[in-house]
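As written, the chain order gives the labels A, B and C, with residue 1 at the start of each chain.
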């Protein structure tokens, strides 16, 4: 299957190993991966902060670029960015043709774990990683895209990895985009409750499908001098 | 505390260890009970869909249903009054009370009456008003406002309540909740027995029969609406249901969502006035229909869903922001996720411009809402409105225009990234808001796309 | 201020704003609802047992007796010498607030929640079920419905709704102080439901 990678601006600039791991995992699962260098951003930061006009411009560009791709699927290592693409249609209230084009793109845009398990039917990519880890359900992936069992299936097949569930796996990490810097104290207060549960679980790593959550969680863990590291699902699945 | 000082209010709340402890305990317990109660019904999702469909129907035809409700209620002896805003509602209620020579008023818990600041108006007109719901009684004694939609004194510890009762009611210090409760029972009974007017809210108004439905656990609503000669019920115009049978859906959803109970202890179904003068119950029933900004919300499907709210409080308990800062920080009558979306609509976006941003958009509220209000979508809608009306900061608007310009031009995007890398290396990045509490992941020396090109 | 103005203005505001939303309403996805699944009917005995269990779950007491004399005997036993006020007779305000026990009938029961239904056109002095610290309710077994839905329908089956209908599920309660449960805040601290099976028909269906 031919896949077009939607790498996301965050991964592109701040966590490129997530992108390279994602490509490696998709190839191992039998996909041919293309990367359109004209892509930049899905528009989520603007959309979530109420800048609909700016978000609309960027969304249109996204739709135009990816509509040209012959790939059967557009795959992204980010639940929130994938969810954004699925929300594109909301931006085109009085532009019915764009609404249709947005729906068409959304129909073939998938988050990585959802693509592997639901579309390819693959839940084992031959990865191995020794140790105890826990999974953080990133909000948009969980609630907008119903991603819950897929990452757990994939992690379950990582040789040597022991998945420990924290009691508030579904609780928000407090990132919320610009919320994290508009209300930093509240953001960190929410985060600390997640950190508490992680520390109680006695794990070596926290894994999630969203780099933004991992930046939030990882940033606090390292500030507190914790030995727990953060890892993106793509990185875990690429580990041998 | 008001809505315009939200940021400061929140910071103060975060530094209040006692408050945070009380909040954590209460919201955790409410959350567990709600989950269990919802799980105990196999048709929970069907009920939610049904409830939302009923509410959508009511709101889309609100004028018709209101006319039916009023006509039916009046035919059964109720007097219906219309109040365009809080001031008008208070004027009507004070006039009714003064005309009847009322001195003592007993009130049951009603967020709508908090919204219009009724107590202050009644006291201004020379009346003694006492809140009879235990939680509301506690905060009335403390001179505070409710911090939660269904558990007004949730922020207070047992110790704080005990100290309050000792100071205000003169009882010996005690740690026993049973004793505190029976103190309130005795004190308030005297007030019930001597009250001239009883004021309540309304949970549901039934258009088909003209019935008002009020639910509670304590019994003070039954007291308030049975003992005094005059009963005044304050009802937001959106509180209607079309048919009596619709209560099957809503009485299943409301108590489970609010406290995890299958049914609250008491439901009062009041249809007009008593048939005979010597029957038990009030001589008069006055229903005050309140608009106060609600009709404006009908103008768009996204905002209209705000009016479906049945005031269960489930969204508060599950909200990561509310869990940390509590209700007072919002500075408004309605706190939490629902408060963040209806307050700007009720009092004006300019006065409550911070509230729609005080959310990480996690969506937990939408998941638990019994009538499926899409609060995150509403928050985004309001953020868009704030931007449209230029209530936000000019610097931010220009920042996003620049952002869009960069994102539309891949070559500019890459140049900007390189510039940011250099800035990071030489000066560090100006993100104090992030780095005050968290380490910042540095911009990569080689981006993914550069790596991709290199390894082709 | 003309009262008529307020009504007209509010109605006008409602209609105007609804009209404004019409173009966007078309794009809004409606909520799909499945028709209501009716609950599986239970035999009369099971209904009584379910009702009893649910009353007890909310800290009420429930006993099942057979016939009027057993009902009276149970009432006296529970009252244990304390003063009784009954909903069928007039009660002075003085008595209402000092008597130890209030006794009422109940016009229906809801098994799935252990709920009593009191109708003001029959229970003339319903305050007797609220003010005294102990409430005893006498309920015919044949009047217990399985579900809330059935009960609501039954309430509507007469000419018109009574001016005041009350549902009672357990004793009065609050958890307003640190979420600690306390019974008997304003209403009764103790609730006793006496189910009289002497009225069940042979077929076991509610009468």
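The definition used in the following text is that a residue touches a chain if its C-beta (ideal position, glycine included) is under 8 Å from a C-beta of that chain, and two chains touch if they have at least 3 such contacts.
Bear in mind the structure is a predicted one, so any value in this text is a computation, not a measurement.
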- Query: Farthest from chain C in C-alpha centre terms, which chain would that be?
  - Reply: A
- Query: Counting C-beta pairs in contact, which chain pair ranks first?
  - Reply: B-C
- Round to the nearest whole Å and give the separation of the Cα centres of chain B and chain C. 27
- Query: Roughly how many whole angstrom separate the Cα centroids of chain A and chain C?
  - Reply: 51
- At what distance in angstrom does the C-alpha mean of chain B lie from that of chain A? 33
- Query: Among the residues of chain C, which are close enough to touch at least two other chains?
  - Reply: 24, 27
- Residue positions on chain B within touch of chain C in the complex are 22, 25-26, 29, 43, 46, 49-50, 52-53, 56, 60, 62-63, 66-67, 76-77, 81-84, 88, 91, 132-135, 138, 151-154, 156-158, 161, 177-178, 180-182, 184-185, 188-189, 192-193, 209, 211, 217-220, 222-223, 226-227, 237, 244-245, 247-248, 251-252, 259, 262-275, 279-281, 289, 291, 295-302, 304, 372
- chain B residues touching chain A in their complex are 7, 10-11, 14, 320-321, 323-325, 356-364, 366-367, 377, 380, 382-387, 392, 396-397, 400-401, 403-404, 406-408, 410, 413, 417, 420, 431, 433-434, 436-444, 446-449, 451-453
- Query: What residues on chain C touch chain B, complex-wise?
  - Reply: 1, 3, 6-7, 9-11, 13-15, 17-18, 20-21, 24-25, 27-28, 30-34, 36-37, 54, 58, 93, 97, 112-113, 115, 120-121, 124-127, 130-131, 147-149, 152-153, 155-156, 160-180, 182, 184-188
- chain B partner, complex, touching residues on chain A are 7, 9, 11-16, 19-20, 35, 37-41, 43, 45-52, 54, 57-58, 61, 90, 139-140, 143-144, 170-172, 174-191, 193, 215-216, 218-220, 222-223
